[in-house]
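Each of the two complexes below includes chain A, the first together with chain B, the second together with chain C.
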Partner chain A sequence: MAITPPPARRRKRRMDKVMPLVMMPVNWLEERSGLVGGLKYFLFRKVPSDINWFHTLGSATLTAFIVQAVTGVILAMYYKPHPDTAYESIRYITNEATLGWLVRGMHRWGASVFIILIFLHMARVFLFGAYKYPRELNWIVGVMLLPLAMLEGFTGYLLPWDQTAYWATVVGINLNGTGPVVGPFLAQFLRGGDEIGTDTLTRFYAMHMLLLPGAIMGLIGLHLYLVIRLGVSSPPWSKDAAGSEREERPSGDPGLVRPRARGRVAK
Partner chain B sequence: MSRRLQEGRAQHQRYKEDVEKRGKSFYPYAMFHDTVMSLVVVAVIVALACIWYLTAEVNEDGSSGSGALGVLYEDKADPGTTSFIPRPDWYFYFLFYLLRIFKWPDSVILGTVGIPTIALILLLALPFIDLRRERRLVRRPVAVVAVILTALSMGVLTYKGAVAEEGSEATGLVPEWIERFSIPPGDASEGAEIFSVSGCLNCHQYAGEGVPNLGAPELTEEGNKNRGVQWQIDHLECPSCVTPGSPMPPYEDLGQDNLRKLAAFLEASKGEAAGGEAAG
Partner chain C sequence: MVSPPAVIVGAIITVIFGFLWARDVMSPGRASAAGGPEPAGTADAEPIPAHMGAPATPPGHPSEGPASYPRSKFLELGTLGLGAVIGGIITAPILGFAVLPAFTEDELGGVDLGPLTKYPTGKWIEATFLLNPAAGEVSRRTAFIRSNGMEGGQPSMTIISNRCVHLGCPVQAAGPRNDDQQETIKTEQAELTVTPVLPANFSCPCHGGSYDTEGNRIAGPPVRALDRYKYSIVDGHLILLQPYSVSEVEGEGAKAAIKAYGIQGPGEHVDGLSGLLYPIQPQDLG
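And then the complex of A and B:
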């Protein structure tokens, strides 16, 4: 008489058959790259137990950048960077291409959200004192990302080739021209000649979608690597040793070490 | 080794041990918060795009009306008709307005290059300026005041930049100019009209009107330089040919007739001193 195993055992037996099949490519990848271990480390690394919503501003900024990258690639498929066609392609994207308005709108307003989030993230890091040893370098990388993001805004503003775009860029480039020593050369380089035209547009396009995003991605990579390497900072009001700061006084002097609870700021 | 560095290292060691012992794993705890926040960001961006597009109407001729968040696009760029007011995107307003605080030409460089560069250097140098280990806000009054002042001044500058009036069309002032500066009738007076609608005041100033600090010369007394009508026409046709390095865009699209009138107006602009009785 055949005895059917109880369901739990049957499931286990099936798992025993399936698991090696799933794990084979994973192990193959791990053995040759160590990427699986890296991902595991990233996901299961410990973060302070009292991190809070303020700590999400960094990943929110990253999300805004990813939105810009994805919508930017889609826009680049339809945009034609030449003074004769740029404006028409923008109108086509906005009025005719399927959901083109949504993609362009997200790119246009995503830029504003990206800039706001950078400033908020920066304010959070500043107020939490998270730029102090050993995170100085990560602060510097973050500060370098700010002007790059603003340059993205400046170069992207010309691309629709409408009146605002054109005249704001005329003024912007002229302002560059007032800079000492390098100013006039910079203005000449940005313009790609004596006046704003075809060469300016392709120059701005190349900077906007190749040079600047490349630099930003590289620096974001370094930024994240440093976050993972150094650990997420705990809030300054943390009760744990992770966050409790001691005044700069001889460590052997117990009278000067503040009780931890005193350092707590009401949330 | 300095005591400060020693203390920093000891503290980071404590931090690492503490996180290892009592911290929680990034997945799923922190990642949950990050995911929720990311979804909020995407939702806000989509919402802005929808409000922008759905409240703006596209007219019969394909031009765009203004919705709750502005137009979808302006008219096509036209280097010839220049009565357009240059405006950067809103997050440049604070820099844009900074330029108006400084007077051309002596100190404008402070606004264009000076202050932004100083701000950037201060930000980059921050970890080396503030070397204390202290992180609690109640014990960092300077930092708190700095943040409040920065946020406040950037907010005010952005607001001022947003509401700042730009001199674009100044047709109403033409009769006053003609009287005050004794512009002769004919070409010169017609030139005043062209001057007022061609966007000259977007960069230049005339009798106190227009935009200062963009680097363009004030033109009220341009005639006193006695450059001659032909020089003015040549210059308007191709500014950088006559004055190498000039950032002014060429205006040959206005046509020879208009350029001649414009040049006559500029040559007739000799300020109030030459205006005789109009000086009062």
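And then the complex of A and C:
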């Protein structure tokens, strides 16, 4: 009868057997793409030690956008963008399709949550002075994201094709039409003709689910890239020295400046 | 149809860019760079591979101004230019398709609003009808129609669009509405509903715009009077034609003096200084 090793050693021996199995595909991927290191670089960043819950508003906004994207894709499987069928398909999603009410509700209320979180996030950045050097460009990207998100709201509002949707869009398009010189042309383009009709609904649908989300995703990518490159700023009441010197690039570093968080660093 | 403004704009663009092109072609620098003969010195120069990035001027020969043009540079610009041409060829029709169909005019014939006998003199009738039966319910429109009796041997009608000229909501006849006398008339193109109404004024539910019974603004945010429709009488039937915009109506009924303009979107001024903000309308270019 063999002597049973103590539990701690047994566990270690098991780990020694399992770990190579786990690491093999990970290493395979890392060696060929560098994706694992990239993910680690993205996730395990150093942040100032005195950040607080306000700094999570950006991630919350991103989460709201992801919820919109996922629920929107599912809704598109049931929605039929034509004046004869749009309202009926929305009615079917809400009242008959299993869990349709929930997914539509998430998309509908999530839209408001998305916009509210954008403004809270923007207020945080503004009040904390986080838009200052070197993060001005990220503020600019955010300012470009804001109207795209509002346009998502505007184009999405028409899609249920009920009375509220129709007349709100009439008013919205005519508001655009009152712009000097180009206004009438903008309104004509949005309408897809002289009058609101099938073309208006389909082009709002295409903008809502293809053009605007694509633009938003691209800009979010740029937004996140800048966050990773520049790091997170300390709150304005931070006792840590502002703008403490940045560590020089190590000699082996291929060139991406890895900015150091200011002051103390969370362990 | 080609409209005069489009011709004028096109002519101006042609003249300006034609002049720039001609000036560019005739400038001496360009002529020697493109068409000038190669200097003898470079002809027997030792060839240097383009990928090494060195200019095609052999060492020892000083660069001879614009006449020496390295092949690598030419290929680089050529590749970029070819890319731009391909990109343009692909992009132009896509952009055109995205934008231009919105600006082609729908040629709609008149809408038959039924026999004139349905429109008694001096009474307001609210008529709802399909402007374009092929488009379905979304083209349902409403007009307030009042017959003003005979004027100069012709029946005179006041036909006011219910589209508020603030932002396009439907204005309502503020007053009693005789739904029990509602009538559905079938005409050649469409089915329409006529309801006698007794408006004290027309008012808009969205932002409180208010108009008198000639369509003049009396309160709220609208910038002009309500739009009206042209009409004609064919075989005793009232035929609704194109809508037009109105800045102001003086007098009333058959004697009214209407300051008419081409149809414009809601919220757009048609006269005065503010009218200059909208110099060209999309339908002007059709």
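Observations
Convention: the second predicted complex is superposed on the first by the 240 of 267 C-alpha atoms of A that agree within 3 Å, B and C clash if a C-alpha of one lies under 4 Å from a C-alpha of the other, contacts with A are read in each partner's own complex, and residues count from 1 in each chain.
Note that contacts are C-beta pairs under 8 Å (C-beta built on N, C-alpha and C of every residue); 3 or more make two chains touch, one makes a residue touch a chain.
This one's a predicted model, so the numbers in the text were calculated from it and none came from an experiment.
With the C-alpha superposition on chain A as described, chain C and chain B clash in the combined arrangement. By the touch criterion defined above, A:192 lies against chain C but remains apart from chain B after alignment on the C-alpha atoms of chain A.
Once chain A of one complex is fitted onto chain A of the other, the partner contacts of A:234 are limited to chain B, with no touch recorded for chain C. Applying the stated contact rule after C-alpha superposition, one finds that A:163 touches chain B and leaves chain C untouched. Legend: residue contacts after superposition of the two complexes on their common chain; A:47 is shown touching chain B, with no touch to chain C. Judged by the touch definition given at the top, the superposed model places A:83 against both chain B and chain C. When the shared chain is aligned, chain B and chain C each come close enough to touch A:175. Of the two partner chains placed around the shared chain by superposition, chain B is the only one that A:147 touches, whereas chain C remains out of contact.
When the two complexes are superposed, the chain touching more residues of chain A, out of chain B and chain C, is B. Contacts of A:98 after superposition: neither chain B nor chain C is touched. In the superposition on chain A, the residues of chain A touched by chain B in one structure and by chain C in the other are 83, 167, 170-171, 173-175, 177-178, 180, 183-184, 187, 194-196. The touching residues of chain C, counted against chain A in their complex, run 99, 101-106, 131-132, 135-139, 167-170, 206, 264-268, 277-283. Those residues of chain A that touch chain B in the complex are listed here as 42-49, 51-53, 55-57, 59-60, 62-64, 67, 83, 87, 90-91, 94-95, 101-102, 104-106, 108-113, 115-117, 123, 126-136, 139-140, 143-144, 146-147, 150, 153-154, 157, 160-168, 170-180, 183-184, 187, 194-196, 231-232, 234, 236-237, 240-243, 245-248, 251, 263, 265.
Residues of chain B that touch chain A in their complex: 3-5, 7-12, 14-20, 22-27, 29-31, 33-34, 36-38, 40-42, 44-46, 48-50, 52-53, 58, 62, 64, 69, 72-79, 82, 84-92, 99, 108-109, 112-113, 120, 123-124, 126-128, 130-138, 140, 143-144, 147, 151, 202-203, 214-215, 240, 245, 247, 249-250. Residues of chain A touching chain C in their complex: 83-84, 167, 170-171, 173-175, 177-178, 180-181, 183-185, 187-189, 191-199.
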